[in-house]
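Per-chain numbering from 1; labels A, B, C and D assigned in written order.
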Amino acid sequence: MALHTEPFILNIGPVHPSTHGVFRIRATLDGEVIVDIEPVFGYLHRGVEKLAEQRTYTGIIPLTDRMDYITSMSNNLAYVLAVEKLAKVKVPERAEYIRVIMAEMQRICNHLVAAGAFINDCGAFFTPFLYMFREREKLMDLFEMVSGQRLTYNYMRVGGVSQDLPAEFLPALRKFLKEMPAHIAEYERLINDNEIFLARSRMIGILPKELAINCGISGPVARASGVKWDLRKADPYGIYDRFEFDIPTGTVGDANDRYTVRIAEMKQSLRIIEQAVEKIPAGPVISDVPKVLHPPVGEAYGHLEGPKGELGFYLVSDGGIAPYRFHVRPPSLINLTALRQMLIGWKIQDAITIFGSIDITMGEVDR
Amino acid sequence: MTVALAGKDIGPQIEKALPGSVLESAPGYVMLKPEFLVQAATFLKNDPAMAFDYLNFVTAVDYYDYFEAVYQVTSMTHNHTLMFKTRCYNRVDPVIPSIINVWQGADFQEREVYDLLGVYFEGHPNMKRIFLWEGFEGHPLRKDYL
Amino acid sequence: MTELFANPWFHWAFYTVLLISFALGAVMGLIYIERRGMGRMQSRLGPNRTGPFGLLQAVADAVKVLLKEDIVPANADKVVHWLAPIVAFVPVLLIFAVVPFMNGAMLADLNIGILYVFAIGSISSVGIFMAGWSSSNKYSLLGAMRDVASIVSYEIPLVLAIIGVVILAGSLSTNEIVKAQANIPFILLQPLGFIIFFAAACAEINRSPFDLLEADSELVAGFHTEYSGMKFAMFYLVEYAEALAMCAIISTIFLGGWQGPVLPPWLWFLVKTFGMFYVMVWTRTTFPRVRIDQLMALAWKFMLPLALINIVVTAIEVVIWPTPAGLPWVLIIVNFAVAGILIVTWSRLMKYGWGRVETTLR
Amino acid sequence: MKLHFGNGLLKGMLVTIKQNLRHPTVTQYPEQRLNTSRRIRGQELVWNKTRCTGCATCAKACHQGAIQIVTATNTENNKYEVETYRVDTGYCIQCGICVEACPYDALFMGARYEKAKYRRAELVENKEQMADSLDRPVSGYFHPERAEKLPVQTLLVEKINEDRSKE
């Protein structure tokens, strides 16, 4: 006699240790196996797009800080790129270099959080997480030195950056660059060969290449599936065409590939920063831009390769001081498109692992 | 460098494949008729010279007398990009066909547009509010919402 | 004094008080070791504010938790919810009855001591299942189900791993086993048995990497999600008392218990127990958590056959070298070689990336 | 797929146990304080009465609407002066845009950060509370000449290296 069983609905979230914020997965379970999921968003919706329609172009920059609060600097940069495209503003050379340094530091910062949180989701009790946060702390010190705050930097400005680097910044950054490879090696020793970690992450949550492209997935998640697409190479914004770096890609697109791609990207970011630090010229850091900007009527889509994927801003200007329409292309939200396909058939524990390997920030998903 | 294809060049090609589908071929974008949206999108995705396999974003803009849906697509093989748009003049009950069957990436974004602007995407299997709760009145990103 | 101990009632009363105070006191020590040791390994300090070196942190936590409101969920099965922590706690305390602190210094020198340990020890999972079931919380239920599954599976390799020791010692009494280790601790003669026992014990008492039932990253807190105040403290106590009991058993049967030079026997016993616990803390700090089906697979496909092979090998060795005199180097080398070869070859049979189930909504 | 069971586990365990020999990263906060950035954007604004002309550029620049400024002519000496200058630090997000906007260098970010209050109303700061004074250190945000006078920021990169060389 077959035992009578019933599907079981489990709400993972919105307040749950592993949902990276206030995300909710309404999972239908058959025992421990996930039969169906429905992602539920909106617990952190603050209406950024509506708020931005009433603010000046400069006043929006702090809002972008608060979207993906782990990668504020990249958000600032993406928005500023869009406005510069809209208003056709030139950026001084030194500011371009500063932007590259900041964006790559932010990428390392984000990948440290992402990798640490991912291993935590695999069940490690905070050790890799804390090791990675130690290095993130060093980076945040540098960000604090430059911008005055540790998380919401508000540093980029239309036409450059708000202030020049302090004198003690570059020596400190060089010191960091010197010691960081040893730390990355330490993380790799700690967890990369760990059999339990491999068993939990390898061949788990496979995202096929075609599905990744079709779902508009970008960033490390897409690259882990073998999509060799990096806007820094494909559509070099700023001065990225002057730097030499590789695009690490994965082979199968499993959770472990997403993790290793992030670790490899950190090394590439270090390479870029090293080159930028070598070549950074002196000069002004902001071009002559009016404090209250009136871009011409039109529209612009500025995007960059953010740490989580393609982060874009679509701006429509009606010639006023505030954008007529401000739309964000949030990589965190769009990378979740394939979540359902990735999760079905796996166990709850795998669901947490796979979800962690996508690396989202709820501030950006819900905006 | 990604080449931003001019709508002026692409518009006639779409018009050739699907007669009567293009309303306007501006330098920056192609304006499509809503009825032909899904067919045009399929053409753009499957035509080997276009091969727009990657959907950057979907959004909509409220221009008071009409809603304009904006799509940006990129081809990863040819490394070029195109923006196409479509318009819906109904303000009470705006409907635009969904392109989720062409690019799955439109899933959450179309829901977001529906939630915040009230443009219903026909053919989307799960067209309901995404950020705001069920029963929320109005669509906040409309210009007349206060 | 000796006559006094000869009186069974006095013996019983003395050891009961001693064991309860030892269990409660040592749990404080374990919590301190866990938090400080883990803190240092994670490049931080751990609690260091309450009392000298933070020694009183566990006391402060206990007081805080006892003062908290006791919340019972509205849909909970109240009686079972209330009984669960007690059912979980009592068997753990009973294990200490057969732990020899010194030669013969134990509550009851049962001639089936080892068997008693495992018979009693697994009862606490009933309490855990009661907790999970009665909470009427889905996470609790999942955690409790996982606990039952893991206990049922891991009892077998746990007991089988010990049989090698029992063959060598020729007795089931814990005190006799310790006495048999006068020359050489059994960890050297039974390396494979030790590894299997240690891993299975970690699974049995739900310590990392097998802490699936309270897996904080997926099940919030597992079976005790809905517990608060005093009852939560009980579960916390159970967790560490179980760890203490297992460490005591491991040091008794594998590390030579109270045997050791220079230091007094009871101190040797404590050092070994706490040292064993530090190893558990160390593994918890380093390892991620296995998945539930991997946990089962590890028990049935890896540990069970290896434990059986270990018994066969030990039996053959006992027949060939009946009473090894002095340090049996040949035996040690053979045993370590067998353990290494078996683990490496057997692990090649396992592979990554399985576990996806094709499902349809029924 | 090759698998030597235990190899990676042991490597990881070696890394964690080695941490015992290294200096912990943490700082014991209330007793042990690190120097903050010279450009720190603390939880307050510092306002210089003499330099302020009451032009309200800061209030316009503030996208949070946290700054309230009322100017009036003093009839006695026929001077234009600031009657009210009020900042609701509860609304303020410390973005520093007002400081950048001020054309007369009259507004600065404060360097203090432990400013929790029990009531929301206490978060509103008026002219007197915001005035430039000695117990209200001014941060060097957007004012490099002020930044030079402040102590150098303690950097974790340097701190940990120092500690390691001592061992």
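Following the convention adopted for this analysis, contacts are C-beta pairs under 8 Å (C-beta built on N, C-alpha and C of every residue); 3 or more make two chains touch, one makes a residue touch a chain.
Note that the structure is predicted; figures quoted are calculated from it, not measured.
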Checklist entry - Taking a step as a move to a touching chain, how many steps at least join chain A to chain D? => result 1
Checklist entry - Using C-alpha centroids, which chain lies at the maximum separation from chain B? => result C
Checklist outcome for this item: Note: of the two pairs C-D and A-C, more contacts are counted for A-C
Item to check | Computed distance of Cα centres, chain C from chain A, in Å | outcome: 42
Next on the checklist: Quick check: how many Å separate the C-alpha centres of chain C and chain D?
Outcome noted: 50
Checklist entry - Taking each chain's centre as its mean C-alpha position, how far apart are chain B and chain C in Å? => result 61
Next on the checklist: Quick check on chain C: which residues sit in contact with 2+ other chains?
Outcome noted: 41-44, 285-287, 347, 350, 352
Item to check | chain A residues counted as touching two or more neighbouring chains | outcome: 127, 134, 190-191, 194-198, 202
Item to check | Touching two or more other chains - residue numbers and ranges from chain B | outcome: none
Item to check | Set of all touching chain pairs, with the criterion as stated earlier | outcome: A-B, A-C, A-D, C-D
Checklist outcome for this item: chain D contacts chain C in the complex at 1-6, 9, 12-13, 15-17, 19-20, 22, 24-26, 28
Checklist outcome for this item: The chain B residues in contact with chain A across the complex are 1-2, 28, 53-57, 59, 61-62, 70, 72, 76, 79, 83, 103-109, 112, 116, 129-133, 140-141
Next on the checklist: Which residues of chain A touch chain C once you look at their complex with the stated criterion?
Outcome noted: 5, 7-8, 10, 12, 16-18, 28, 30, 32-36, 119-127, 130-131, 134, 190-191, 194-200, 202-204, 254, 344-352
Checklist entry - Which residues of chain D touch chain A in their complex? => result 1, 3, 5-9, 11-12, 14-16, 25, 36-41, 61, 63, 93-97, 100-101, 109, 139, 141-142, 144, 147, 152-153, 155-158, 161
Checklist entry - Contact residues on chain C for chain D in the complex? => result 39-45, 48, 282-283, 285-287, 343-344, 346-348, 350-352
